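Shared between the two complexes below is subunit A, which has subunit B as its partner in the first and subunit C in the second.
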Partner chain A sequence: MLEIKPIFNSLFRSKAGAILLVLQIAITLAIVSNSLSIIKDRMDYLQTDSGYSEQDLFQISTSVFAKDTDLLYLLEETERTLLGMNGVVNASFMREVPLSGSGSSSNFGNKPLDQNESEDYRSVNTAYTTTPASIFDTLDMTLIEGRFYTDSEVLKFNGDGGDLPTQVVVSKHYLDEIYPDGDGLGQFIYIGNSPIEIIGVVERAMGPWPKSNRPLNFAFFPIVDATGSQKFVVRTEPDMREQVMNEVEEVLLAQFNQRVIMNIQGLDDAKREYQASDILMLRMLVILIVLLVSITALGIFGMTVFNINKRTKQIGTRRALGARKSHIIRYFLVENSILCISGMVLGAIGAIYLGQMLFEHYSVPAFSAMYVVYTAIFVLIISLLSVLFPANRAANISPSIATRSV
Partner chain B sequence: MLQMKNISKVYQTEKVQTHALRDFDLNVDEGEFIAVTGPSGSGKTTFLNIAGMLESFTAGQYMLDGVDVGSLSDNARADLRNQKIGFIFQGFNLIPDLNLFENVEVPLRYRGIKSSERKERVMHCLEQVGLASRIKHLPQQLSGGQQQRVAIARALAGEPRFLLADEPTGNLDSLMARQVMELLEQINRDGATIIMVTHDPELARRAPRNIQIVDGQIADFTLYQKPTAVPVASVAGA
Partner chain C sequence: MFFHYIDLSWRSFKRTPLITILMVSAIAIGIGVTMTSLSVYHMMSMDPMPHKSDKVHAVQLNTRDEGSTWWTEDDLPQQITYQDAVNLYRANVPAVKTPSFRTGYSIHFDDDSIKPFIENIRVTGLPFFEIFDVQFVEGQPWTQEQEDNAEMVTVISRELSEKLFGKESAVGKQVYYDEHLFRVIGVFDNFNHHIKYYDLTNGHFNSHERAFIPFSLTVPLEINNWGNTNGWKYQDIRTFEDKLQSEQHWVQFWSQLDNPQEFQAYQEYLTNYLIEQEEKGRFEREAPSFGTRDLTDYLDYMGVVTEDNRVLVAMSFMFLSVCLANILGLLLGKFLKRVPEVGVRRALGASKRDVFAQHVVEVSMLGLLGGLLGIALAQLGLWGVRTTYSYYSELATMDLTMLFSAPIIAISACILAGLFPAYLVCKTNPAICLKTQ
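Showing the complex of A and B:
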């Protein structure tokens, strides 16, 4: 026996409190479900595997201030010095360091630019780096097709500008996008009208920007350009990284002291720094959700307590007229469910609307209705829990209240 | 139908023990109309609450229709109240959020009676008290006398064999009080057993049997008379 109709009527006759609670539940549902959707998306992004063993890698930047230095010689000498350090597995010059937040990216076509009118012309953006052949070992890349380029294929520039590369190793993610039919190996990508052959494919390699919408598109060109500041990526033996990082500045300055050593940072730390604002946002969202849900739970709790105090005599009278304790508990549960369901209908509409707004105006993923369903179930459970305790207290009101209070 | 033997009730508060009833003995037969009088604080309401199973008692034995009330669970007592007992309160105790129809319907809902029959019974009882035309009104839109009549309709809706009234006319003027008394007399003639607590000696005198409670005990049977009503199994069809 659910007294839905009289409860509904009675709610309708004392609207104000009920409407407020319905709105509160609706707002909670709309905001929490959208926040969860964003959190899920951010979590996916934060947890995306970069393809590197970040905890064994670190980067280092050097900037030469001495004039008339043979930069290319210095670069190769620096690599050799790093390699000679105790605990270092490999070290490579790398102009654009993964996960660091700074690098280069460009669009490459699957056909020469002068064929861009063609129907199956595609141009896909990827991050890229110019780096020697040793990088594949330094980053411990897994080759899944073709081959890595070799040291003799690398173009070396020493402040003299240079030719365009003719070969490239790309990540699987990029290959699948530029050549979706799976026949990309051996084909070409184009800078303008110049062809570059895809000679190898690595399984997974994240570029400098984990947050970009194509974080795993990465291309390696066989070029070493020694001009400008020289960056290196170093892989150490497990547990040796800290020691190497501590010693590296001294060692490099001993080798050549007319330069500054900067930015010695583990790749995991670089990534964490890059993602710091996202992690902060994630925490804020979680706090927001906890706050909203707590406030709603408190609201429901408070309103039920208020209603029970207002209705002690009525509850006693109902008990006198034959209500069992379970009837009283059920009364409040049903009343709460009516409010909750009204709030949820309203909230679901609000959630979808809000999701669309966020999607249109901010870089937020498309909102899936599943989050409304999950959140609604969660809010319903929270709300029933918050009503259960006061309802149970109401059920223990003595029926003698009916004759004892006036 | 109602037998109380050596019933006592002690209220234990922090410092004082109140003996609201002591060695209370009473037999009530089917069809009686009893008026209970006595000074304030003498234990009238306590007696009525125990009779109506709204409160437990400290010691003694209470049999209602052959059932030993002391041994019943909370649920069983709620069910028994619902089936056998109608309550009329001094403060009417209508539920303010419910309209008249819904108010009278309450005990029937707890009994799990289906909607069409509920409707029939509610309308019948509201007709009996002359308020059938106002089913959509809320209690606060009625006068005190009208509210008490609705409360009586509610008490009658479950066709109880036993009506308990605690100063049902206490909040009414004398004209309204007489109307309510007449209604109760009618209900008694139709077969229900009634116990009514009252402060009004005139109303008490109209009841066939009077008992007086003083200091938690029955004081005096001098006004005792034989019941005039013919016992009837139930007020069905009343």
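Showing the complex of A and C:
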């Protein structure tokens, strides 16, 4: 019915071309499905919600070089100056800026360190920062349990801080990890043997490293320790950020000029910069698979055109003997499908093997066979489409051609 | 004969323009993709000091308890503690050795002549300049005596010197690093390698420091490191003195060992040193564990060539193979169609070798065209890399090696693809072809 046998016979007469096509399809399938798996993984990572309205926030670093400066006074004066600028909603000192790629992290226990032999002792890593009470408004965070700390509870130091905090506000992700039973509010986390009470929980707050294995663990301690190097986060009214960022250096230097103002950067840009290498990989892979599929499609197209040219006489003869146009088209479609499916079987094995190799040697996600299925369907459609046009042309070969000699 | 074959190839291209364009673009795209990822790989895997990279060694000490893990493959921290750095620096073993770490200050003249700016500054010992072949264009590095006396002296790069003092000589000038007044005693030639090979702990391709100050100033100026500080056990660290005495790792250490004897002696020294330190009760280990990788091994160990790039290189070579299969198929068709014509040439006296040579020349021409076009595409690709990731702007370029390898890879690939079709063509018996005419 589908003329499988004659197709096989003719394929066997020109083995080389057929084998090449099968190989092409196999390699294409292996590369595309593995790339898709990596692309999916990176997309998920790049699209993780940070919990902040990044487009309204920017960071700024200052470095004071004058000696004998009252750094704590300067810090609070800087906050006030920022707040006085047109378009600024709120501004806070923050020792570690979210999404910036630089910060601090530590392990905190659910029991004092001297009980670390106990069975239910847990110690979980989180990014943390020390920051005044205004930060919760500046970052516009959603409180889901407990309360934020207030200004009067913040410990303030002039570069000589050493006292440990007694209160902390943590992100929900961290709370769920250190107290998985959901009863974390009001309990304690420990630095060494010193207890710190969890007084509030925010819904979502990404730390400085979006790529870490715990990007959404973040803790806020009520400490302001003013040193020569100070960082601030500023939230502006929508559409005002650009303007504020342009003016801010001048305004701050006018307030106090014995310092360097630097690193004025939107949080969305900071995140993009941090993630640039992943965006690069994503783009390279997308370009790679688009080109690869086009090349393979062109190859199939070229081979079919070539086969048709070679068989013009035979096609004419078939037509003269009563084959319909649709028979001719079907012949080429079936021939292509046979090649395509052989290529896919080979390619599926190759894809899974390649996926395993990549997984063993590199930090790519485990390869799921589903990607092979999706890719195989896609490749089959592309390959049938690339045959359709030349096959149509073949169908239009006049039967009279059979009667002519070359 | 060669030029005649080139002429024949050209005629053949003109006869089937569509197929030729298809083949040239296939090879061009294949080369373009491959050269884009290969160029980045080439820049990442480059040896920064080929003349002595086997002599320069990164020293790593495992001064942690048995069982404490770290993210390197052998659990060795990349940096050492301050106390170990001082001990190793003072050690009486035949080696050129130095501690080193990065800090930073605001640079200014305590007046309005320049706008103050932040600068990364390296704190290191005098031997650093010998180990890493730092060339001075003016003045000298500090002397051992100046280092021992912790004098406030600094050497700066030519670039920074031009920024601060313009065309004037920088030597003897004074400059403020924060509130500290330093005297410039030397100007060194800019580091111009894209890999920051002497400090891989904070980004492998970060910009080089443009100012250096003596390691002996660490204590009097209480210099804090700008970079990673890694602890492994709980210690109550409040003051700078606490940090110096602590088990935190934050100093890099380099040794230049010129011959196998020195290398051997240094290994023995480190083993004994670690045993001695363990006896002091600082840590508990079953056996002393340390690393003295040479520079090339160390770059590899630190993963200077990124995983992403390795994956991309592997994938682009597979891509190139698809392009080749494609071309092979097309060449097969094209050459076989030409069998009758070849029959005439053979009958007129051309040998099989002549016919074979003619076809190899033709595919080489394809390769050359594809390779040249591929270079253009790779430039486009590298431009895309640079715009997406400005950090790679020094890496995403083609040096001469890559520029020349592109057409060579393209031509060899095409010849590889053309061998089988060419062989088929010259195998045919001229008599049969002539008969059908």
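Everything below uses one rule, namely that the second predicted complex is superposed on the first by the 392 of 406 C-alpha atoms of A that agree within 3 Å, B and C clash if a C-alpha of one lies under 4 Å from a C-alpha of the other, contacts with A are read in each partner's own complex, and residues count from 1 in each chain.
Simple rule for what comes next: a residue touches a chain if its C-beta (ideal position, glycine included) is under 8 Å from a C-beta of that chain, and two chains touch if they have at least 3 such contacts.
Computed from a predicted model, the values in this text were never measured in an experiment.
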item	value
Fit or clash - subunit C, subunit B, common subunit A	fit
First (subunit B), second (subunit C), both or neither touched by A:Lys313	first
First, second, both or neither for A:Gln24, with subunit B first and subunit C second	second
Subunit B versus subunit C, judged by how many residues of subunit A each one touches	C
First, second, both or neither for A:Arg80, with subunit B first and subunit C second	neither
Touched partner set for A:Arg147, first subunit B, second subunit C, both or neither	neither
First (subunit B), second (subunit C), both or neither touched by A:Ser10	first
Partner chain in contact with A:Gly322 - subunit B first, subunit C second, else both or neither	first
Smallest distance from any CA atom of subunit C to any CA atom of subunit B, in Å, after fitting	11
Touch list for subunit A against partner subunit C, complex	16-17, 20-21, 23-24, 27-28, 30-31, 34-35, 38, 63-67, 113, 162, 192, 228, 259-260, 262, 276-277, 279-281, 283-285, 287-288, 291-292, 295-296, 298-299, 302-303, 306, 310, 358, 362-364
Parts of subunit A lying in touch with subunit B, wherever the complex brings them together	1, 3, 6, 9-10, 13-14, 313-314, 317-327, 398-400, 402-406
Contact set on subunit C toward subunit A in their complex	19, 22, 26, 29-30, 33, 36-37, 105-106, 108, 116-118, 176, 178-179, 234, 236, 238, 306-308, 310-312, 315-316, 318-319, 321-323, 325-326, 328-330, 332-333, 337, 381, 384-385, 388-392, 420
In the complex, subunit B residues that touch subunit A	45, 48-49, 52, 54-55, 74-75, 78-79, 81-83, 87, 89-91, 93, 95-99, 102, 105-107, 109-112, 138, 154, 158, 166
